[in-house]
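Presented below are the structures under discussion, each in the form of structure tokens.
After this come two complexes, each holding chain A, first together with chain B and then together with chain C.
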Partner chain A sequence: MQVAISVGTLIQALVWSSILSLTAIGITLLYRTTRVPNFAHASFVTTGIYASTIAWVFGFHPYLGIPLGFILGGSEAVLLFYMLEPLRRRKASIFLLMIATLSFDILMYGVLNVLADILQFEFKILSRNIYFAPIDFNIGGLQGVVLISFAALLVTMIALQLLLYRTNLGVALRACMENPSLAQTLGVNVSRMLLISWFIAGATAGVAGALLPFYQMCNVYTGTYYLAEMFCASIVGGLDHLIGAPIGSFLLGFAKILLLSSLASVIGPDVINYMLIIPLGIMVITLAALPTGLAPLIMRRRGV
Partner chain B sequence: MLRIENLNSGYGKLHVLYDVSIDCEKKEIVAVLGPNGAGKTTLLNSIFGIADIYSGSIKLDGEEISKLPPHNIARKGIAYVLQMINIFSELSVDENLRIAMAFSKDKSSDMLDYVYELFPILKERKKQRAGTLSGGERQMLAISIGLVRNPKLLLLDEPTAGLMPLYVSLIAKKIGEIRDQKELGIIMVEQNVQKALEVADKVYVIVSGQVVFRGLPSELMSEREIMKLYLGVGD
Partner chain C sequence: MEQIFGQILLFITSFLAVYSVYLILTVSLNIQRGFAGIPQFGLVFPAAGAAYAVGNVSSRLALWILGIKTELDPIYESSGVIALINPILSSQPFLSIALFILCLIIGAIIGAVLGIIQVAPAIRLRIDYLAITLLAFGEIINVIARAYRPLIGGEYGVQVPSVFGWAGKNTIVAMTTAMFIVSLIVYAYAEYLGRTPMGRTMKAIRDNEVAAAALGKSLVKYRAIAIVIGSAFCGVAGVLWAFFNGSVMPGQFVRFNWTFLPWLMILLGGLGNNKGALVGATTFVALDRFITYYKHEFVGFLPFDVIWLYQILLGAITALILIYRPQGVLPERPYIPKDIRERVKSSLTSAS
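Right after this comes the complex of A and B.
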């Protein structure tokens, strides 16, 4: 019995980890600012998938759908913010807000199905089997999505770092994350800060969604299918640190792809049906040993 | 400077303050005293737009502020030092003060120098994480966060609560110094009657959401019944 991990498998893991990081960043950011686990993140990702599809339908390369995914995902999150804001102002519980995000996700699922039907019947495309890998570009044998997904993650992390630590807006966001009541007494418009964090979360999820069809076949269920994994990545990394999102995502992403690949070569391809066990298992083990996730441990070691 | 007239306020259906009228001038410390649950903190929350205002008016320099959201009230020049969780514990002392300055109209470093002069211990600990400060030092930082924004009016919610006696006297003394050195008014809610009367220029006693006494500290001292019944002072 021999288990071999190919370079191709490692590259697959890199792509998946980068895309997963882009989704987990939003979940962590929203949890930090609002304490709400956002179930509508699934539809933000699916919106991104259809953003790249729309770009393709209108004759552009699907990669040009990334900015569209950014805008549509962000706008969808802003819409959800305005639906949640009256509840927040009336001091609704976190549980109620969480259920509201789930309701919004179900609503958006309907809207995205309508969009998929329009694309199928009006534009004659297989809108429930979206896969752009065959039209992806290639550099030195490396698929474009490898470079683009990792670059998108790097740009996002650098931009967020600059925003949070080099601008007054970022200072206000950090203040709201730690203590919204105190931030308010300093003249920070907490509601506006929440709006901005919702937009960022939706936009990064939209970008992740726009990249997904280059990695795997997508449909209107895809965002929902990966929702648990997005939450796992965010929780394993540590919900109280933004850097925890990529840390958790890379751990889960690599563990899932490498373990699946190894197990498939030993047991057979049917093992893929149980792939969600891997991130969930890692989450359980991590939380048992490190209840606040990996990021606090790493940051303590760095003396941050 | 601040004039509150016939204020009725509370939280949703919970009516807490009834026809409260209070005023505070520049270079004046107004102490608000009363038993637990009387509505003292609700008064500060009402001024700062956190509580619901049912009727009445709150004017700062003649401008009505009762309908403004808290962040806009802060920008009008009111600083509110909360009783609990009044610092960013994950940030350093210096970062706490700089965050406060970032959202202030007056971004000159004069006020930063002033608070470091007022509380030299904060300068010594400027790189230290605020969450590791002692109770007294935290309170100094909380007051400094309010002060560094160069406000017209400083609202202090029980600034000496839970502090060691040494810090209680120090904080009370510093509040007096701020009044003497800066062009601002201070409204201070306090449980420590003795310390409040030492530094205050004017006193209000609130009981069950209503003002039952207004006057000078010396006048309150002679109101033996109020002192005994509502403030637990005297024989």
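Right after this comes the complex of A and C.
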């Protein structure tokens, strides 16, 4: 029995892991700052998907939807921040905050469906089958999305690293992550720091969403469909370290795609149907064995 | 006139069916979250699991009870098997009801077992991790139902016997009445549970774990009891929905309807309070039914499907409740047993 893993499969895994990382970064960042698992991340990603669609509808290349996704995703997150702010000030429980993000997600799901209907009826496009891979550019046989998704991840990680560790704003942001009340006492505007972290999280999710139609067929439900996987990635990586998001995403992304393709060649193509079980299974095992995720292990070894 | 009457009847039956299921789900959530403080984000898992299990065995059970022998496969050739069962079942009201009750019991047992299974690995975890793990389980069950065809025949699902076929023209009325009666029993039980020492212990653990443990109450035991009872109710809700639809399909059990909506309902009504669950379920289901029935009136006026307005409204209402009335419409009131009330009263009168 021979299991062959082609270069194509590896490239697929790379694209998916990069996109997943961009979503997981936001989840981890928000967890670090607000201590709440953000269910509305699903709609941030879907907003990104429709940002690239809008760019395409108005005659631009869908890649020009990336900056639009950045802005729309970020603005949506800022809206949610303003909704959560009264709850946070009242020191509402984590439950209420989770439910609040959830209700915002449901609201946005409705709004995005209205948008999809309008795109379908007024602009006559199949707004629930968004797929841009056929119009992607090609460099030396490599699809554009491979380069662009990985570059987007690198740029995001470097920018975040610079922001957090090289600027005064970063110092204030990290202070808010460690101990918000102490940071407030020292004159840091915690509310503003939270606003910034929400914008970053929404914007990166928007970028991930804008890239997603180049990887697979998307619709309004796509963000929600992958929500559990995004959470898995950030939990497996470790919610307490920002670097955990890409670590978890690459582990899950590669595990899912490589395992599936090798299992499919051994057992048969039916295995693809069980796709979602791999990341969820890895998360359940990680939580049972290592509740703080993988990042603390790596950080400890590096002595950070 | 008859047409209008028929429409009204259709509205009432569909309202009652949906309402009964949501009432059971909200009461279940109220026992688990409101009483025992467990962040149960995985109601869909026991409900779907029970419905799938009953979908798998109901035809076999009916064949066995009625003594029918057939070469047809109850899963892959389910419509053929149902065509054999339904005519005989419709002439046997007692056997039909026995089958219905047997399936409800199976659903409750499967639901309770699945509830324990999904919480067992995560009960030690922090609340947020637990919530996400529960969410993940809800996804897993649907993935399995879609992919593993021997369970319920994959994407196309499987049919279940019509256990109220004997009512003839009034099958739907009989079905929804039965659903409503079951939901009222569940509600009455939850109301009773809240007044028992067990229910009060659960609330005590929810309010202050350390104090309850110091008084010798086992945290794990009472949480497990809450999960078993709550998940068994979820199982019953799943089975009722399967019988109402006449079939079980993976697409019926989505997270939005089977976990998130009950959460929103219970928040609207007020946590830790069965009357709150009642108010929440009534409001949301009424809204849902009105929009479902009147959405065609809007066709042509709006450039989109009006059903999305329901989602927007739902999200907005919940957000407003959370911001302006986080305790819900009917906040929880502490229950004081009658004997203690009388003792306090008599001590007050004797003091004066």
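Everything that follows uses one rule, which is that the second predicted complex is superposed on the first by the 304 of 304 C-alpha atoms of A that agree within 3 Å, B and C clash if a C-alpha of one lies under 4 Å from a C-alpha of the other, contacts with A are read in each partner's own complex, and residues count from 1 in each chain.
In this section, a contact is a pair of C-beta atoms (placed from the backbone, for glycine too) under 8 Å apart; a residue touches a chain by one contact, two chains touch by 3 or more.
Bear in mind the structure is a predicted one, so any value in this text is a computation, not a measurement.
Asks: Give one word, clash or fit, describing how chain B and chain C relate on chain A after superposing.
Replies: Fit: chain B and chain C sit side by side once superposed on chain A.
Asks: Have a look at where A:Val190 lands relative to chain B and chain C in the superposition and call it first, second, both or neither.
Replies: Only chain B is touched by A:Val190; chain C is not.
Asks: Rounding in steps of 10 degrees, give the angle chain B-chain A-chain C taken between C-alpha centres.
Replies: Roughly 90 degrees separate the directions to chain B and chain C.
Asks: Using the superposition on chain A described above, determine whether A:Asn273 touches chain B (first), chain C (second), both, or neither.
Replies: In the superposition, A:Asn273 contacts chain C only.
Asks: Could you let me know whether more residues of chain A are touched by chain B or by chain C?
Replies: Higher number of touched chain A residues: C.
Asks: Once the shared chain is lined up, is A:Phe137 touching chain B (first), chain C (second), both, or neither of them?
Replies: neither
Asks: Have a look at where A:Asp105 lands relative to chain B and chain C in the superposition and call it first, second, both or neither.
Replies: In the superposed model, A:Asp105 contacts chain C only, not chain B.
Asks: Once both complexes sit on top of each other, what is the least C-alpha distance from chain B to chain C, rounded to whole angstrom?
Replies: 15
Asks: Following superposition on chain A, which residues of chain A contact chain B and also contact chain C?
Replies: none
Asks: Which bits of chain B are touching chain A when the two form their complex?
Replies: So the residues of chain B touching chain A come out as 48, 69-72, 74-75, 79-82, 85-91, 98-100, 102-104, 145-146, 149.
Asks: What residues of chain C sit close enough to touch chain A in their complex?
Replies: Listed in rising order, the residues of chain C that touch chain A are 39, 121-122, 125-129, 131-133, 135-137, 139-140, 143-144, 146-147, 256, 260, 263-264, 267, 303-305, 308-316, 318-319, 322-323, 326.
Asks: In the complex, go through chain A and note every residue touching chain C.
Replies: Going through chain A, the ones touching chain C are 31, 35-37, 83, 86-87, 90, 92, 94-96, 98-100, 102-111, 113-114, 117-118, 121-122, 228, 231-232, 235, 270, 273-277, 280, 283-284, 287-288, 291.
Asks: Quick check on the complex: what are the chain A residues that touch chain B?
Replies: It is residues 168, 171-172, 174-175, 178-179, 181-182, 184-190 of chain A that touch chain B.
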